[in-house]
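Encoded as structure tokens, here's the structure I'll be asking about.
Chain IDs A, B and C follow the sequence of writing; residue 1 opens each chain.
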Amino acid sequence: MINTQLIKRLQAVVGKQYVLNKESDLITFEYDGSVDRSQPTVVVLPSTSGEVSQLMKLASEYDIPIVARGAATGLSGGAIAEQGGILLSLTRMNRIVEIDPENQFAVVEPGVINLELSQAVSKFDLYYAPDPSSQQACTIGGNIAENSGGPHCLAYGVTTNHVLGIEVVTADGEISWYGNRTRECPGYDLRGIMIGSEGTLSIVTKAILRLIRKPESVKTLLAIYKDLDQASAAVAEVIGSGIIPAAMEMMDDLAIKAVEPAVHAGYPENAGAVLLVEVEGLSESVEEETFEIEKVMDKYEPLEIRIAKNDLDRAKLWAGRKGALGALGRLAPNYYLIDGTIPPSNLVEVMSKIKEISAEHNLPIANVLHAGDGNLHPAILFDEKNPKETQLALKIGGDILKLCVDKGGALSGEHGIGIEKRQYMPYMFSTDDLKSMTKLKTVFDPKSLLNPGKIFPVEPDQLEGTVGQSSQISKVGNNAYL
Amino acid sequence: MQHKNTDDFVKSLSSSLKDHLTTPSKNDSIDNLTPSLVLNPRSVEDISECLSKASERGLKVCPIGGGTRLNIGNTPEQYDIAMCLTNLNKIIEYKPSDLSITVQAGLTLGKIQSELGRNNQFLPISAPLDETSTLGGILAVGTSGPLTWLNGNMRDVVTGMKTVYSDGLISKSGGQVMKNVSGYEMSKLHIGGLGTIGVISEVSLKVTPKPINETTLIATFAGQVDAFEASMSIFHSKINTLSLSYINPGAVYKLNVKSIKAGHLVAIRLYGRDMSLQRCVNEVNSILKQYKPKNIDKMDGQDQMDIWRKIDDFGYTSDTKPYISMRISLPPTIVGEVLGSLESTTVTKGLMPALLTQIGHGTILFHVFDVSKNIDQNKFGEIISDTRRLVRQRRGTTVIEEAPITIKKELGVWDGIDQIEGAFRNLKSNFDPSNTLNIGRFIPSKSS
Amino acid sequence: MNHTDATNHNKLSVNPTATGVLFTDPAMNEDLYKCVHCGFCLQACPTYIQTGLETESPRGRLALMKGVNEGRLKINDDVTEHWDMCIQCRACEDVCPSGVPYGRLIEETMVQVAKTRKSSVLKNAITWLLLRKILPDQVLLSGLMGVMRIYQKIGLHRLVSAVKMLHIIPGNLGSLHALMPRISDKFFSANGQVYHVFGEPRATVAFLSGCIMPLINEAEMRAAIRVLTRNQVKVIVPEGQGCCGAIHSHVGDLNKAKDLARKNIDAFLSEEIDAVLSSSAGCSTRMKEYRDLLQDDEVYSNKAELLSSKVKDINEFLYELPIDPPKGRLEANVTYQDPCHLAHTQKIKDQPRELLKLIPGLNLIEMRNSDRCCGAGGTYVITQHQMSLKLMEDKMDAIQDTDADIVTTANPGCWLQMKQGSRKSNKSLKVKYITDLLDQSYQAENETIPGIEKVRKVFNQSIWEKEKLELRSQWKNRTGDRRKRRNR
């Protein structure tokens, strides 16, 4: 069991009530949004950077792992204390420290909820652009760790494009600022290195985030096509025509079949693909771009085009898309959600390959995707009660990820590698590629105490006793994460 | 000793490198230091061979692109081999509908832009002398020019990178897709890294569709305060600009464009389709008018390209070469007060300041011209120290981009990296343990 | 310390379809494992927002259920304290993409907890007395409250507070004293009275009287009935009805809850009605769920289904009717607090607001997080007094920020809680039911359009007279009954 002396020292840092190590407490900190689980040895809830620094020093002194955790909505097992140790829950560090509307930035602590920041700056006509689908619950700290995206990052970029500076506690317990209040900072971009490093290089304790002026006007278009190829071709042509919509989302026939009875979006029975495009900006440019996009959509013989005129209509058009994954429960008890990315020009080819894979193994795969930036979310439908199907789903998942990499894409667009996809890293990166990355890890965390075991492939014998392949199953229901 | 090593090094080279050795010229020198050898690798493997063999022999290498901004950074502590990358100039992959291009690092920005332009796309970045500047060099320097997309940075356009480390390790990270969270973003070490960690050999970039129309408005104001406030009002409006610059009278004088009258200038590059561009022009015009400009000129087509070219190149052409130049980064609203005091302190010292400011970005390019040619050298040092103090107080950073070597040595080029010096040193010693690449450009190596 | 200690916990074998320790019902089991711990519920949960602790979140509580269900945890105080902290506001159900029926799961969990709980004899006795004897018996309850009324009237309660007699009353009961609502001067009672309308009624409804509400909200209930009759709705208040049983199932006494449900089903289905209405969101929720509660009851399952299908919250009913827009002006800033049992369990959010918007002169200002629980939650104010206070303070802050003169709601729990809150921090704030304001506006019409309204007024009065007569005769019967019983 954990050293009682360490517990006392942890309590001395944060106060007794913020050190949790009862069995009943630990059981609620063993998971995140993925299916992996592992109990930390102790949960600590600091409230300041100084406390985090002291905790880090203790972890280093006792040589035990330390894993940062925000709202634990992640989908790759990033916030799971796989090797036990200290789980650093940052939910108490949830203050918005400063809002500077003139310079369009905000200084926040890592536990601030993504959507709450946007709500807090809304009165200045500003918002925080990255909008992961879990934005109502996920924290900025977690967003930074996973370099989160969202439907609207097609136009505005992902988290890393919106973080000016971060205060971090490094593995030796020092507090440093990487980047600052200015747009540029000389030297190595340590800020950029930390973003998306999944908590393996340092612990972010404050962040300076860029805020963006709210668009004057927003318009949403929805086109329904008979088949996926037409929709994919329309996507390619819209982008080719010089328009970058704010968002460009797609669903295939199976997803439509699931969502229609749940949301009653009124999609026709023979719909093979739904394409949703959102345009933002000056009202004039929104008008012009809507016109152009409609022209392109029209070329590929849509069954129907719908254009939302007001917020209510917009919400209706989005309802189908947002409810899609949640509704998959109507088709099968479980699904395994993949997060691969491909160059958009390979969309038609990859989608048809996925259909082939699905037919070959006789497991249905529903597709919902951020079509504009090629971020696929195939959901393999299966029944967990059938062990063979489970195995097969996992295998197919791997096959699809490899397919994405083969077609010039990546293993993860926005969920991160974490525990879930680390075994596939060698497929995307050579030994030499990984060598330079692990070197970076040793620079910042020589004792490998920060979120150990994540991102990089683990030798099979190291996996003994920890979560296995079954960790990769995502169960029915979370319509988020897109 | 050094000669022996160099000879040994040359002997060890494979023919692909040995056959393309060139003699050092003035173009390869950094702060008047000239290398003993110039290598011209033609492939990534060449770079790897060159680096591993040089590091084994204790030879020091500086990678060079177009050689336009070599003097940025501290003077190298030792400079044996110039590794010129301009032969790595191929486009590896470009599919317009993917909004992605992958190129070798020695390709010039100008070439990339013209290739993209054929498909009505572009990279929303700019750099001085883009017909000579290579992408690798531009990224190694890492600073943004006036052209940005939604006030982004140089680093926002890079999605993947292949680099070679001093032990010869060739390694890539990221990829050709816009969204990617697979492993560490190693490119962030190299953008702005001045080639001190590794050599950039291949880059994947996110490209942007070219705006349908573009127009530039140039407003001339009698006073700096009006000009600055007008530009901030535009920044705070709903109008997105491709470039939004304030240019002071000194810089206007040096720019030497006939159609532009003397005064405080605000240059705005607007874009859009017909109706939206018209709206932008109208709205910007009406904002400008609130601050009573002397006049507003509208430029289209080649005229506007020419003027922006001149602004990009400022400080790097023969007739705009300053005596010293600094790059200052600040939160955007603070730029105004700093501008005023830079202007006045320089003028009182009998020197001419040229100030080019990227408004939404909060960047000031501060060039000092010695008009009379017989100024006391100490005054330059004073200007630098005063500026640093001023900027530091306002939580900004100052980098000396151009200065006489004596001043660079005395004051150091960088300011505000002392707090993270430990991390810098750590990175350098782990990724370049033999201390081969561009030594001492950020922080002095331990040996010295 | 070595790392392998912790990793030993990793070997988990979960078979989601098997019968568990906590839930023996396979369907319940399946529902529990619908939770994929995505975390969407966190920011909807008032106790998580207050504490930032996973253990005080819906996801954490479900994890504890799973822990017990899989035999990894035993039901003990360490576990139950977190379930007890749940207000059961069910805001989490609203945002759950997986459709986890959290309310049903926590309710069933509390049933299991109740079986194992060892409390003091005194506490058990009080709970038994309160839930089993007093609440279900309206006559007894009225009698008791009558005594309390006298206690309040003569100012004794102030005296008790002043001399700090409360110190001798154990723990929570002391705070109960502080929470004691002002008791109505008259009580409302269900005696089978009928409120007739002039001409053909647009609908005939049965009205739930409830247990606490008729004692503290007599005037408000009459206002609600006036709004109904003003809109040509005939209202019957069936005799033999009683407490809806919500509080019983809340604390895990399902058997009593079922008894009460059966009693109400009998009472309400004996009348020919179009709908069953309640002014209390908590009660209408419970009655809409009788079908689930009694689904295994051979005799009552069909009847429960029928009754549940007829139940409507009064605001939902008035909106759908739709009501005649009231014409009397009420110049005021008003804000609306969503009762959890209206917004989250019945998904009724727009209807109350639309009703308020009908009132001329009324300015509806939304407060932030209007659907976050005010901390009332049935017995929660007593059992989790500290948390309840914190939530109430947050709510009062949110109301204060809107500068509203009136806060409206649609549930007696919320009404009471906000009354308490306003007494503490915002004395000028009025707390009203939506039907109060509608009634006020209709009343004000009479002043503005005398010609037509005179008729209506006279008519209304005639109904009143009729009601009074009915009441009197029923009351006589009733007291007669009571005497008989006593004699026995």
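Operating definition for what follows: contacts are C-beta pairs under 8 Å (C-beta built on N, C-alpha and C of every residue); 3 or more make two chains touch, one makes a residue touch a chain.
All of these numbers come straight from a predicted model, not from anything done at the bench.
Chain-to-chain contact here is organised linearly: an open path runs through the chains from one end to the other. Closest to the middle of the protein, by Cα centroid, lies chain A.
Separating the CA-averaged centres of subunit A and subunit C is a span of 39 Å.
Each chain gets one centre point, the mean of its Cα atoms, and the points for subunit A and subunit B are 32 Å apart.
In this assembly, the C-alpha centroid of subunit B lies 66 Å from the C-alpha centroid of subunit C.
Residues 95-100, 120, 142-144, 150-153, 155-156, 163, 165, 169-173, 175-186, 188-189, 191-193, 197, 208-212, 236, 238-240, 272-276, 278-280, 329-334, 361-363, 395-397, 399, 414, 416-417, 419-420, 422-424, 426-427, 430-431, 442 of subunit B are the ones that touch subunit A when the two sit in their complex. Considering their complex, residues 1, 3-12, 16-17, 33-43, 52-55, 57, 59-60, 63-64, 67, 72-73, 76, 78-79, 82, 95-100 of subunit C touch subunit A. Interface residues of subunit A facing subunit C in the complex, by the touch rule stated above, are 1-3, 6, 20, 22-25, 27-33, 35, 37-41, 45, 62-65, 71-73, 81-85, 89, 91-92, 94, 111, 113, 115-116, 134, 136-138, 325-326, 329, 384-385, 465-467, 474-481.
Residues 100, 102-105, 146-147, 149, 153-154, 156-158, 160-161, 170, 174, 176-178, 180-193, 195-198, 201, 212-213, 215-216, 236, 239-244, 281-282, 284-285, 287-289, 292, 341-345, 370, 373-375, 408-417, 421, 425, 428-430, 432-437, 439-444, 455 of subunit A touch subunit B in their complex.
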